[in-house]
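The structure's right below; bear with me while I get my questions together.
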Amino acid sequence: MSINTIGEYFGVFLILIGSIMAVISAIGILRLPDVYTRSHAATKSSTLAVLLSLLGTFIYFWASENFISVRLLLGITFVFLTAPVSGHLITRAAYRSNVKLADSSTEDALEDILRNKKDV
Amino acid sequence: MIDTILTIALSLFILAIILALYRIIRGPSMPDRVVALDMIGVNLISGVAVFSVVLSTHAFLEVILIVGILAFISTLALARFVERGDIVEHKHDR
Amino acid sequence: MYLLILAILIPFIATALIPLIHKRIGAFHIGWFVLLVPLALFLIFIMQIPAISNGETLIQAVNWIPSIGINFTVYLDGLSLIMALLITGMGSLVVLYSIYYLSSSDSFPHFYAYLLLFMGAMLGVVLSDNLLVLYVFWELTSISSFLLIAFWYHRKNSRYGAQKSLLITVFGGFGMLAGFLMLHSMTGTFSIRETAAVVGQYTDHALFYPAMFLVLLGAFTKSAQFPFHIWLPDAMEAPTPVSAYLHSATMVKAGLYLVARFTPIFGGTAEWFWTITIVGLITLFWGAFCAVRQTDLKALLAYSTISQLGLIMSLLGLGSAALHFGDGEQGALYGLAIFAALFHMVNHSTFKGALFMVVGIVDHQVGTRDIRRLGGLMAFLPITFTFAVIGSFSMAGLPLLNGFLSKEMFFTASVNAVSLPIFGVSTWGLLIPIIAWTASVFTFVYCMIFVFRTFFGAPQLKKLDRKPVEPSIGMLISPAILCVLIVGLFFAPNLLGDHLLKPALHGIIPGISGAAPHISAWHGFNTELFMTLGIIVVGTLLFLTFRSWYKIYLIQPAGWNFTVLYNSLLQDLKRAANWITTHYMTGHLPAYFAYIFVFFIAAAGGALISTGALSIDLTADSPITTYEGMLIAVMAIAAISIPFAKSRLTAILLNGVLGFSIAIFFVLFRAPDLALTQLVIETVTTVLFLLCFNFLPEWKTEDSSKRIKIRNAVIAIAAGVIVTLIGLTVNSGRLFESISGYFEDSYELAGGDNIVNAILGDFRAFDTMLESLVLFIAGLGVYTLIRLKHGKGPGKDEH
Amino acid sequence: MNINDVILKTVSKGAVLIILTFGIYLFLSGHNQPGGGFIGGLVIASAFVLMFLSYDSETVSDALPIDFKKLSAFGVLLAMLSGIAPMFFGGAFLAQSFGYFNLPIFGKTELATVTVFEAGIALTVVGVVVNIILSISEDE
Amino acid sequence: MNNILVLPMLLPIVVGVLLIFLRTYGRIQAWISIAAMVVTAGTSIYLLHTVQADGILRLDFGGWEPPFGILFVADSFSVLLVLTASIVTAVCLSYALISTSKELQTMYFYPTVLFLAAGVNGSFLTGDLFNLFVCFEVMLLSSYVLLTLGNSKRQLREAIKYVSINIVSSWFFLVALAYLYGTLGTLNMAHAAERVAEVGQTPLLTTISLVFLVVFSLKAGLLLYFWLPGSYSSPPIVTSALFGALLTKVGVYALFRIFSLIFYHQPEITHTIIGIMAGLTLIGGSLGAIAFNDIRSIAAYNVVIAVGFMLVGLAIATPEAIEGSIYYLIHDMVAKALLFLLVGTMITLSGSSKMAGMSGLMKNYPLLGWSFFIAMLSLAGIPPLSGFIGKVLISSAAIDSGSYVLLALALLSSIFVLYSLLRIFKNCFWGETIVSKEEQLPLRRGVLLPCLALVVLTIGIGLGVEGLSLYVTDAAETLLNPSTYINAVLGIIQ
Amino acid sequence: MESLIIILVGVLTTVAIYLVLSKNVVRVILGTAILSHAVHLLILAMGGLKQGTVPLLGEEAEIYVDALPQALILTAIVISFAVTAFILVLAYRAYQELETDNLGAMRGSDDE
């Protein structure tokens, strides 16, 4: 088994892990009780899934064709950069559009601050 | 061997998409749906990446980046819409 | 020598010159200039008499549209010459009369322009040999008549009458056109002479009778035959000179001319004989019958004209039998009817023209035409009275006047017809003279009414607007000339008969020869004379007892006449049209879409099934992988959920999912460029949707009824199924390889590795260029839509 | 109600830069790789969209003092002219040509007139998309 | 190289785009665009002569041979239509010079009209089916913009319907193209025709042809004319005139082209359906024309009738019928533009589009009245105006082919045309003059000149048919002998 | 596979037509958007889904998928984008002026 083949397998392995991760986060998005918790599933584990698979692809191409794709690296950077922001934006939007927290939530930390602001 | 794994991986990604699609249809709230859409976008990125491995072509690497960019833009737009209704704001509104 | 063509063109040229002349001459009456035209033409045609009476004919031709056989061929024979003389002669008299008749408030240029237009058109009708050229002029006469009837267009009745006459005559004209075209289809020529020469071969042609009836439709409408006569009384809204000219002397004769002209073509058949005779007789009777009850002098004359036209028409019908016999005794016997028809046509023009002018004088001098307000005018208008007596007694068929001669000939013809051995005449033939006689009795009655109610009795000066006096001499010249003709023709009928009527007769019945008809005033004591005597006796009785039998007019219920029918036809048609149109043109977009899709389903689906195109073969399909199937499922689910989405945002999200999935689909099918474009476009579209949603309300759930929803669903499913089925069939039955193999050499051809891009930028760059233009126009459109606010003006221009 | 958009704005700056670079790359690589005038133009336009979303419309308009209608008109014109030009050299309308040149730095390089055409298309697309979004977002 | 062939489409586009930069100069824009259309018309006259001399011309864009590239093909039929369309556009533009408000002029009115003309001319000339779709879209997008330009409530309301229906019809177009490509593997019209002729028109191809029929019927307003009356009667005058003159004609042209070049092998199915549709269109249009008191609606339904009339010619498809239809097409472009311009002028003068709102216009505006009178007669096919010859030829062909029902409908529809317009003439021009001489709005000479130009044109076409007949005969011959066209396109490069 | 796509096209068409037939303007617009999706897929399927390689010559394969439909779809996508943008703006301008997004209230009549 050459180093290339190992590399290929490693890449594919990463991809597989990524895909499993994706399904898990999808289950999370189904099962978790409210939007705030679901956004965890969507942004955190999903991002991990995509990073894994992109990395896997990158490694695969590197290994099999000795091809270093700048675009892939750029893609990874981009996702890495923007995923948290979009997560942040959605949850903020959810909060501001008065989506209710799940019943099991114990505390709404922002409630007082925002309410005070509103009064001002 | 590799092909089988890749097919499985691809199927799993699409399964994830289907699950997210359920969330989009069901809601219940708008942000839920946006979250799910964001997730679909992210999974699509992975899907395209895997598929270019399957075909061993470089032709789709642009697509990966584009999906990343656009998923971000749509999520941003949707979030803005949910939040304010008006997605491009005016200075004097602020 | 293009004398004849010039003769047709001169009136048109003069029409064009009128506005120019009118501006130059100032106070001078333009009518005098106009008068030169018919006078000159009349002289031209008079000069043709010697040649024509020798049996010669004149033909002149100018090419118009030779490529389809429409040429400006004019043809002068006896029949045309009679008509041409009538047109120009009556034209001169009427122009002269009108110079004094019109009031200074009327627009002379318009009047004379229309009149000249008519004159030229009418000459064109009677002179042209080409069917389509004839039709051209035929319609022009309708139009000029329309304009003349509505000369005083500020009057409601004028407008009504004008519209009615135009609609009816143009309707007939279109029918006639179809008839002409059918003739052309049979014979291959538009020339009337050539058609007549070859038509014998086509009598069994399926189009022969349709063509005949359609041509007759044109003739009947133009000549105001029953039941199309209704436009003529309303046409009397025109100035009286016009009524005298168009609606009694010339234009209405165009139908008769047409029938005469086509007798060589269609004559000799039972259908032609019976149709024309019956319609003519009914018109004759009905016109005379209705004329009696009229209280307006012009209306009386209008019905009388209808009746007289019917008379001539029936004569033409009876005479057509001669064609069946051809040369010989019997031919000559029945051919006499045609001779009589031509003779009466001339006579009618003279006496009816005179009568109209009389009415015009009365109207002009007294201010009313209502019989109930008139009476005793004899003392005030003695000269006019004389004309009236001459004219109406001639019309009544009294001796010493030309009407007597032609009336006698009419009776002869009707009596002869009884013994006609063909066309099944024997059964009903006796009715012909009976109807003729009865109608003539009524004719007598209304002639008496015309004379006695107007000029005798106690004058009712209080009811009149002004004191009646004789008009200026100029107004009397024209009727005087006509009255001289009326009397003159009685004493020297054969001057006319030999020089004009005979050549015309030969033109109509080519086979006739030998026994040339000779007009004589005295035949001895025969049936005809007794019929005339009977008319005088019975007619006088009826006139005197008019009040006691007047009630028979009340038998006809008020709403039961053709004018009412015409009015209600138009109204009901409009109402029905409105009802129908507003019921399907609802302005409701979903309904329109439903029609469109139903049509698609019917057309494409119907064809798919009825032509047996449907065949589905799945074997050539490429294999399917799990993830492809799953992706298709994603798309299907996303799509199906859209209609059920409760909020528009959900729908847009689902649409976004759909769009993204399609992009991935493009990836799966190896179309990276497509995937890229689709992705960006989808996102930008979503952003646009969101931007616009800011200005739009949240969508409500459809408030359509369940029935409509089901209907929509059925339409949608059917359309979807058909799209699918055709697609599957196409997929199973590819006939040819695509041309796209060529593009695989794109590197050599266009210097590009990316085939799609090479197609877009090079092979099919034009599409791409236009596509960017489309995008550009859309951008402009969005900008103008937003910036151009109604009532606010454009927004600030540039940033 | 003041919303703090610092995170978004910061990230956007970077993202816009990446997108613009990528868009130009796509535009240039179109002849041999996926991309081309349309896609390049669209991606560049989407960078502007992102700017609109992250900032307010006035800021973006001030930062980009271009009349996008005229930009797009210029684009159409450019595409058209690249088609008209060959007509003056005896070629057919829209005839494109390409050649290989040895340039000092780049080595053997393909230069094709189609690039001018594509540039026209790209300008049109950018102009139109931005124009549409600008028009809508400036509507009161 | 026949590069000049692209000018009828390219020139309006280039000029239109350049006008964007002259936005604020309304009058200059107008004059430039008129000049552009005049040059276009001149070009098409030159092309018309060249076609007579050298046969069908073609221009392969980029030098790519058919069927691989896109090409423009000029035969007599298409060039005649291009010529007429260009002239009519030029006349309408000169009307716009005076009638259009400053506001619209600076809102890209002229560029959009030029784009519309370009789309129309392109549709007439293109020899590629997909390019036809694109040209249609150029035309349609321009028409959307023109239709909404002004933004009145009525315009917006009708525009929504018009745009939606046209989107759907464009969709049908793409569907049909997809099927055709799937079956024949080509997009070039001549190539497709050749391939269809090679295998014969299979049932599947007939079915596909019916999808095309749906598309072009929608565009032409053949039976599926629901969108037409509303959208033609709501925009400003010049736009209505352009729509009435040009838009449906493109659909009619496409029907003629497709069903005479490609799908002519099964006339008993396709042409029968066209005949039925034409008949129904005549009925529907006739009823619509007399149903309303709004003069714009009457004019719009007259467009419908004319479409039915022309398609009767296609349904019969004898040389005579096709010639008649071509004459009628040319006539109708001129006469409909005239009609809409006149109707628009009447509305401007009286401030109402209802018949009840006008009366006695003849007294104050005689020239307008006479123009209307002539337009009325011309549209009713009264000789010797331009509508006559087409009517005669179509009717004659109907007789020869035994289509008596169509004959009857065609002739009766003429009566309805006459009656509907006569009502306008009778009620609006005649009658008591409501407005006194002092109060009347002045009618500017510049408004009437374009109308008079069209009047002269309609009379000229009527009298000078012989001058046209050479071209029309050639056009009909080419249409009926697809091989001429196919050889010209697929034969050796000139 | 082709058949499956064509069936999918049918499903999309059905959904789209159902939307187009509704009374709400936004639904109609959405319907037209889906219609264009459907027809793009149809064109792709009609080109035949040969299992070739991406139509990039650098890929050095024997067969390429049919590139022509791809080019056509690209054109069609852009055009449908242009139209969608226009009708969207039209819809909201109509709403501003007419104050309804219900087509039932936008009937108007020929006789006004």
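We just call them A, B, C, D, E and F in the order they show up, numbering each chain from 1.
As a working rule, a residue touches a chain if its C-beta (ideal position, glycine included) is under 8 Å from a C-beta of that chain, and two chains touch if they have at least 3 such contacts.
Chain identities (UniProt): A = Multicomponent Na+:H+ antiporter subunit G; B = Multicomponent Na+:H+ antiporter subunit F; C = Multicomponent Na+:H+ antiporter subunit A; D = Multicomponent Na+:H+ antiporter subunit B; E = Multicomponent Na+:H+ antiporter subunit D; F = Multicomponent Na+:H+ antiporter subunit C.
What you are looking at is a predicted structure, and each value in this text was computed from that prediction instead of being measured.
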Quick one: point me to the chain whose Cα centre is farthest from that of chain F.
C
Starting from the mean Cα coordinates of chain B and chain F, work out the distance between those two points in Å.
21
Between chain F and chain C, distance of the C-alpha-averaged centres to the nearest whole Å
49
Chain A to chain D, mean C-alpha position gap in Å, rounds to 31
Whole-Å separation of chain centres (CA-atom averages), chain D against chain E:
37
Mind pulling the residue numbers of chain C that touch at least two other chains?
578, 581-582, 585, 587, 589, 593, 670, 672-673, 676-677, 680-681, 683-684, 687-688, 691-693, 695, 723, 727, 730-731, 734, 738-740, 743, 753-754, 760, 762, 764-768, 771, 773-783, 785-787, 790
Two or more other chains are touched by the chain D residues 3, 8, 15, 18, 22, 26, 32-35, 38, 43, 46, 49, 53, 69, 73, 76, 80, 83, 93-94, 96, 128, 132-133, 135-138
By residue number and range, which residues of chain B touch two or more other chains?
10, 13, 15, 17, 30, 34, 55, 59-60, 62-63, 65-66, 69-70, 72-73, 76-78, 80, 82-83, 87-88
Listing every touching pair of chains gives A-B, A-D, B-C, B-D, B-F, C-D, C-E, C-F, D-E, D-F, E-F
Residue set of chain B touching chain D in the complex reads 59-60, 62-63, 65-66, 69-70, 72-73, 76-77, 80, 83, 87-91, 93-94
Flag every residue of chain D that touches chain F in the complex, lowest number first.
32-34, 38, 128, 132, 135-136
Where on chain F is chain E touching in the complex?
20, 25, 28-29, 32, 35-36, 39, 42-43, 45-48, 68-69, 72, 75-76, 79, 82-83, 86-87, 90-91, 93-94, 97-98, 103, 106, 108, 110-112
Given the complex with chain C, which residues does chain B contribute to the contact?
7, 10-11, 13-15, 17-18, 21, 24-25, 27, 30, 33-34, 37, 40-41, 44, 47-48, 51, 55, 59-60, 62-63, 66-67, 70, 73-74, 77-78, 80-82, 85-88
Per the touch rule, the chain D residues reaching chain E in their complex are 69-70, 73, 76-77, 80, 83-84, 87, 90-96
